[in-house]
């Protein structure tokens, strides 16, 4: 992104309206529930999403994220709750009359139509003039870099090209809200990474609000303005990617996003400058947290990259002796699996810098240290 | 591999069993002699006799008309039945409809034939329609039992079809009727063609149901063949069989070529 | 909503009128008496009074229970016997064929499959008719056997149960082969290699791996042969003797020869209960398994 873009950009990515709470939210989901028989696939979910956001619904399979998306598109009728898009209540509005479009996980390209007819299908339903349709299709195919493939059939395209046709088809009607169901799920890793940035770029140009369903946390981290983590039909945490990663609200979120070392324990002393938590590996010092009582059960979460690994003991708030059980060299970093006294294991990642000295290896006795701010105290 | 030749031998005998009768039909259709089992020299005279046989030609024409009409009817109603069973969601009569589209597959033909005949007789008495039996009643009967076969073929295609295709069209602004004609129908079209051909063949082949539901003046080809064959073997029928075989083989060959080109 | 019901109503109405209603008619007429009239039966309600009875059903019962003779029970049991034997024969002939096709290399596989399906598209009646010429006293089979010196006198094959078995197996063999083929072609070759790698002989591999895995195909094929065979009319009528009684043929004769519509209806209802009912039940329990 160029510097001047940032300057004049007023999109949600930069304004962050959810922080200020100034404008009214563009999409208001209020207490929405979907029951299939006795099972609540989506259970009392409320969400506010602002114009221009890329909002990711992140969760494992069966967590209800796809059902929530299908309720927004109108394919499922909520058992309770309301959805408002741009102030308009969506209850009883069929999918073909909603200001939303969807990009399907399977792409759902019409196999008997050419690329251009696939893209034009939605515009023709609006009864636009032929020339207008042709122009819009041409522009859209250009935007997704598919010029020259207009007359191909879907089965003559590569996976990445099909993905872009599906995107073009769902964007061409300029919906108020675009729903994307695992948009990059069918692509291989390399293509997925490239496409992520392309997707963000297109969204930025068109200013359409995206809601993306994904099970891939990296994808969610890269794409989204905010993430809603779902588990068992409920939203367990909503926040910006950094917030979710650095300040997970619960053991589930901490464990689901990235790798984490969790230490279960009780609050021992709550001092003004540091708080001590008694855990199964001994006392751990963390930054003080408001509203905790003594002896309250908590967990301390520490990310592997926030820990330091040294051969000699260093001066740090927390320092634990350990033995290297195993390690995996990943190129940019090395991940160590360590055994503490008492038998529990830890994961620590070490950046491979200029390679000063011999790297730490199997069976070495080492010290794991981390500052008070590295530990996140979790009560849920 | 000792088991290999045993396998090929048994399979070879199986194919001999499948094709020996057909080969004998073809060979004896060119027999000069009227005795179907004694070779009396090569001749095409039975083909000439066949082409002069008004009864057989008339019956063949009636059969073709009935088959075309009932296959078309079966495709329309069978596709609707399959669509209703798989796409319109739950409704109170669905188990009944499911039963009515599968039961004809296991129904002995004599029962189908008798029951439809009795219905036509009673309807004529009560409503005055259908006035007498003939082509119309055979078409209705064939449509009804071939419909079940079409429904099976179309249902399996609908099950294979990605549901999100229809959802995508709806999402892009198409109403249910549009979705059906724009998306569902073109995608399942191969199944409709296959179903039509199947229904056409079933109708063309049927003796029992047609015998029960036909009336005077509406004798189908199988009915005529059956009455001729009951009187004894006739070389004319051999010639007819050879012609049918040639048409079918040619048709399948052409279909294969067309499919390969696509 | 009304358009949805229209779509539902069309197939429902058609099948209701032309499939369900006819059975009610059959049930009604099975309760009345034959009459010399047009149509040849009495009314179920005469002067507003119910005039039906179960006399027609009593008539078709075995002699042991009130019946006239054992014609119907014999025909019923015969149908089951003939259908069962034919199904087994079709399995024995069809299995190696299906197996060979499934194991054949690709261009051959398509050709062989085509050869199995081709007869199905030609006239069923004419294929049965072909066997008359083959099985006759002076027919092709007898001539070949005498020429080869296997027999001195022509065998009597036409108008016997044997001819009916041949006709049924011949007609429905593709229905046996196709599901078997569909099952066997999916059989993972690695399973067979694993079995022989673990020390099984090829016979043991077949009995312990191939055969159990192809059981669904066997069941499907057997059902597809047994179901049409049991109600068959044309094959026993053309190839069977006067004593080859099958239930479909008995019903046909009752209607076309004796013109006894009420008894024909009673036979139809009995077939429905004793043949179609069990088959439907069997199919459903197989689907659940």
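Letters A, B and C mark the chains as written, and numbering starts fresh at 1 in each.
By our rule, a residue touches a chain if its C-beta (ideal position, glycine included) is under 8 Å from a C-beta of that chain, and two chains touch if they have at least 3 such contacts.
Note that the structure is predicted; figures quoted are calculated from it, not measured.
S.K.: Based on which chains touch which, is the overall arrangement a line, ring, star, complete graph, or other?
M.R.: Its topology is that of a line.
S.K.: Which chain is most remote from chain A in terms of Cα centres?
M.R.: The chain farthest from chain A, judged by C-alpha centres, is C.
S.K.: Hey, which chain is the most central one here, using CA centres?
M.R.: If we average C-alpha coordinates per chain, B lands closest to the whole-structure average.
S.K.: If you average the Cα atoms of chain B and of chain C to get two centres, how far apart are those centres in Å?
M.R.: Taking the mean C-alpha position of each chain, the two centres sit 17 Å apart.
S.K.: So what's the Cα centroid distance for chain A and chain C, whole Å?
M.R.: From the centre of chain A to the centre of chain C is 60 Å.
S.K.: Suppose each chain is reduced to the average of its Cα coordinates; what separation in Å results between chain A and chain B?
M.R.: Each chain's C-alpha centroid was found; their separation is 56 Å.
S.K.: Under the stated contact criterion, what part of chain A meets chain B in this complex?
M.R.: Residues of chain A touching chain B: 73-75, 94-98, 100-102, 104-106, 108, 110-112, 121-122, 125-126, 169-170, 173.
S.K.: Contact residues on chain B for chain A in the complex?
M.R.: For this pair, the touching residues of chain B are 162, 164-165, 167-175, 178, 182-183, 186-187.
S.K.: Under the stated contact criterion, what part of chain C meets chain B in this complex?
M.R.: Counting only chain C, the residues touching chain B are 3-4, 7-8, 10-12, 14-16, 18-23, 25-26, 29, 39, 93-94, 96-97, 99-101, 103, 112, 114-116, 118-127, 129-134, 136, 138-140, 143, 170, 173, 202-203, 227-228, 230-234, 238, 247-248, 251-252, 255-256, 261, 264-265, 268, 271-272, 275-276, 279-280, 283.
S.K.: Inside the complex, what are the residues of chain B that reach chain C?
M.R.: Contact set of chain B toward chain C: 3, 7-8, 10-11, 14-15, 17-22, 24-25, 28, 36-38, 77, 80-81, 83-84, 88, 91, 93, 96-97, 100-101, 103-111, 114-116, 118-119, 121-122, 125, 140-141, 143-144, 147, 176-177, 201, 204-205, 207-208, 211-212, 222, 225-226, 229-230, 233, 237, 240-241, 244-245, 248-249, 251-252, 256.
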